[in-house]
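Two complexes follow with chain A in common, the first pairing it with chain B and the second with chain C.
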Partner chain A sequence: MRLLCINNDGAGFADYVDVTEGTTVRQFFEAHIVTPNPANYLIRVNRQPVAQDQILCDGDRISITPTKIEGATGADSMVRR
Partner chain B sequence: MSKKKRTRKSSRRRHRRSERPTIRFTPYAWAKLLYLRDAGDTEIGGFAVTSPDDLLLVEDVCLVRQQCTAVTVEFDDASVADFYDEQVDAGRKPEQFGRIWLHTHPGASAEPSSTDEETFNRCFGSVEWAVMFILAKGGKSYARLRINVGPQSTQEMNVEVDYSQPFDASNAADWRREFKTNIRQFRWRKSTASPVEAACDGFDFDPVSNTHEQSLNRLDAGSDQSGDEDWYDYFSFNSEPLFLDWEEEKCNSLLSTIPG
Partner chain C sequence: MRGRTTVFHRAAVAVHERLCLPENLPSLSLPIESWQECQRLVRLIEKARHENLSAAVSRMEADLAAAIQRVTGPLHDYERAAASTKSRGRSTTRDVLADLHALASEFDDFSISVNRHLITVRTDAVVLESVDLGRFEIVLNWHLLNETGAYEVIAMDERPAAASDDTTHPHVQSNSLCEGEGKVAIRNALRDGRLYDFFVLVRQILHSYNSSSAYVQLDEWFGISCPDCGSTTTDDDSNHCEGCSTTTCCECSSRCNDCDDYFCSDCIRTCTGCDNDTCSSCRSLCSECGDGFCKGCLDHERCSLCHESEQEETNPEVVTTAASTV
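After this line comes the complex of A and B, so read on.
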């Protein structure tokens, strides 16, 4: 089956990929991410957050995007940490 | 230091600078970035959208929803995902919109903080390459290219506004709308040095300060506030604990009774 994958990791990707029937979100994530730590990513299927054991379906759109993007000035980070 | 040595050193510095890669902004993108930086009293952040033919030529600057204070900026994760979806729908590749992370600093320094470095490492450490760009209120800028493939390297960059590029006129109305839709400003109060006070004080986020309202009113006297219910819900569930003054005083007085 085919699904659209949006992923900035590695070379970056926004294209259709073929996956086998019964692939779960977690299996897909681990196969496509260089350093697969789920805590650092928001994984959505068809624009909705999903459970890791959800089985992907033909035509799904899966996006894997970074989380907790935050910046601070130097003084703040000294206080914060 | 002798004049000869000084000349040699500054010549080496010039030489090193000329070897650096350069991140270029179109005049439109640069104007928009300055406008967004100055539209409020807090830091703001976003992503650069670049030309498909030159990934270091910034053609636009896009905001995502974020909570900001005078010294911090934090993107909303779902909004980042929405941004990726929108950009892909617009026919762009991730390398055009997800690699250059921009944010501003309120003071004169554009040097990255430890928080900036941590984010750059965690969120952009596994992409082929990425750029952290910081623009300070005082006008200084900082850009660093990080290459994560092959012989990994990191290199500071030159920053230029490329007036040879064709560019559109200012679009202040849309920029203002984008700012108002995405930026939620909170007052930040620095923790005090005393551990006891810090336990009570910590971070105090005060949603949408008067100063922010004044800034927006200054920008646009008649335009509508963004009515995004989900966004407000997000804050009501996820914002840091807010201490009212009387709670803080009560907390202080209770803690002061603890010996030591």
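After this line comes the complex of A and C, so read on.
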């Protein structure tokens, strides 16, 4: 089956990913994050918080966002109106 | 409830229309002149070959290769841009609508102004290392989705750094967030119209602190405490001691008369000769009396008093004569 995965740990590209039937949120997370500590990430399926043992379904949208994203200073990174 | 649904739907349609504008594609200007140059060169090469002008042929073949590149280059650029636009998973109206509903659940304060093209969420109080910076509003203008300055981060509770009224968060100055590690993810979220991801990313940056790259560090948020007098001062009204690296208020720091650097009271002394402030690097001891002097008050490692007394001992008559003349 196929999921839309948005990994905001880095570039935050949205990509379609093929996974096997019965894959849980935890298994998917551990397979896609280098140092998979769930406490350090907001994991949403179809934009909703989920239990780690929830089984993913075909067409689900899963997003993984770090809880800590370090800002910076500097003109090159600044966004001004 | 019905009113909210209508507003959400109108906003979703408007955002999607904005996403569909082909503004990210480079303008396509067909390289007609370069193509005509290629045709001209082919004709000339044919003619030169016919007349056995081998040197001219090889020169014009090189020119033709360059002209072909001028034709294919812009076309390849456009082809690549069009392909990446197609494959980047841009949100549909339904996706945007789902994002808006999810944002309304994720944030307690969430509003849409269809007329002003604004989506606004309000965060909870941001507390970093025990410093309560208050709540922030994240305001996105969907007319500027693909441009810099698409959003502002506005402090609601006015708790700026003591040193800078414009700095409301270690990574926010003049309502602009310095996105740091989140920059690319935010750009991609806005480009694809993933509004939910965008607002969550910005919120998570606001809840994070990078001390090595902050406009104002949190341990100096309320000002700097002067170690000498205990008063609170700001970065602009303090000096960094070149001797021991402490930061003291302007009143408690002195400038060395010789090197012009600033020093705290522990690292600066008074010259015995002229009473000017002198740092330990510029201050030397008189080899005779052992007192401390600035550079200007020592001559051959001795102070003027020691020079005079030596002169008195070696040539007492000169001193006596001079004294009687006076």
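Operating definition for what follows: the second predicted complex is superposed on the first by the 63 of 81 C-alpha atoms of A that agree within 3 Å, B and C clash if a C-alpha of one lies under 4 Å from a C-alpha of the other, contacts with A are read in each partner's own complex, and residues count from 1 in each chain.
In the analysis below, contacts are C-beta pairs under 8 Å (C-beta built on N, C-alpha and C of every residue); 3 or more make two chains touch, one makes a residue touch a chain.
This structure is a prediction, so every number in the text was calculated from the model and none was measured.
Shared-chain residue A:55: touches no atom of chain B or chain C.
In the superposition on chain A, contact is made by A:33 with chain B only, not with chain C. When the shared chain is aligned, chain B and chain C each come close enough to touch A:10. Touched by chain B in one complex and by chain C in the other are residues 6, 8, 10-14, 42, 44, 47, 63, 65-74, 77-81 of chain A.
Here chain A touches chain C in the complex through residues 4, 6, 8, 10-16, 42, 44, 46-48, 63, 65-74, 77-81, going by the rule given at the top.
Against chain A, in their complex, chain B makes its touches with residues 43, 45, 71-75, 77-78, 80-82, 84-85, 88, 92-95, 98-99, 101, 103, 105-107, 109, 111, 113-116, 119, 122-128, 134, 188, 190-191. Interface residues of chain C, counted against chain A in their complex, comprise 88-89, 98-99, 101-102, 105-106, 141, 144, 148-152, 169-186, 188-189, 192, 194, 196-197, 200-201, 204-210, 213-215. By the touch rule above, chain A contacts chain B in their complex via residues 6-14, 33-35, 40, 42, 44, 47, 49, 61, 63, 65-81.
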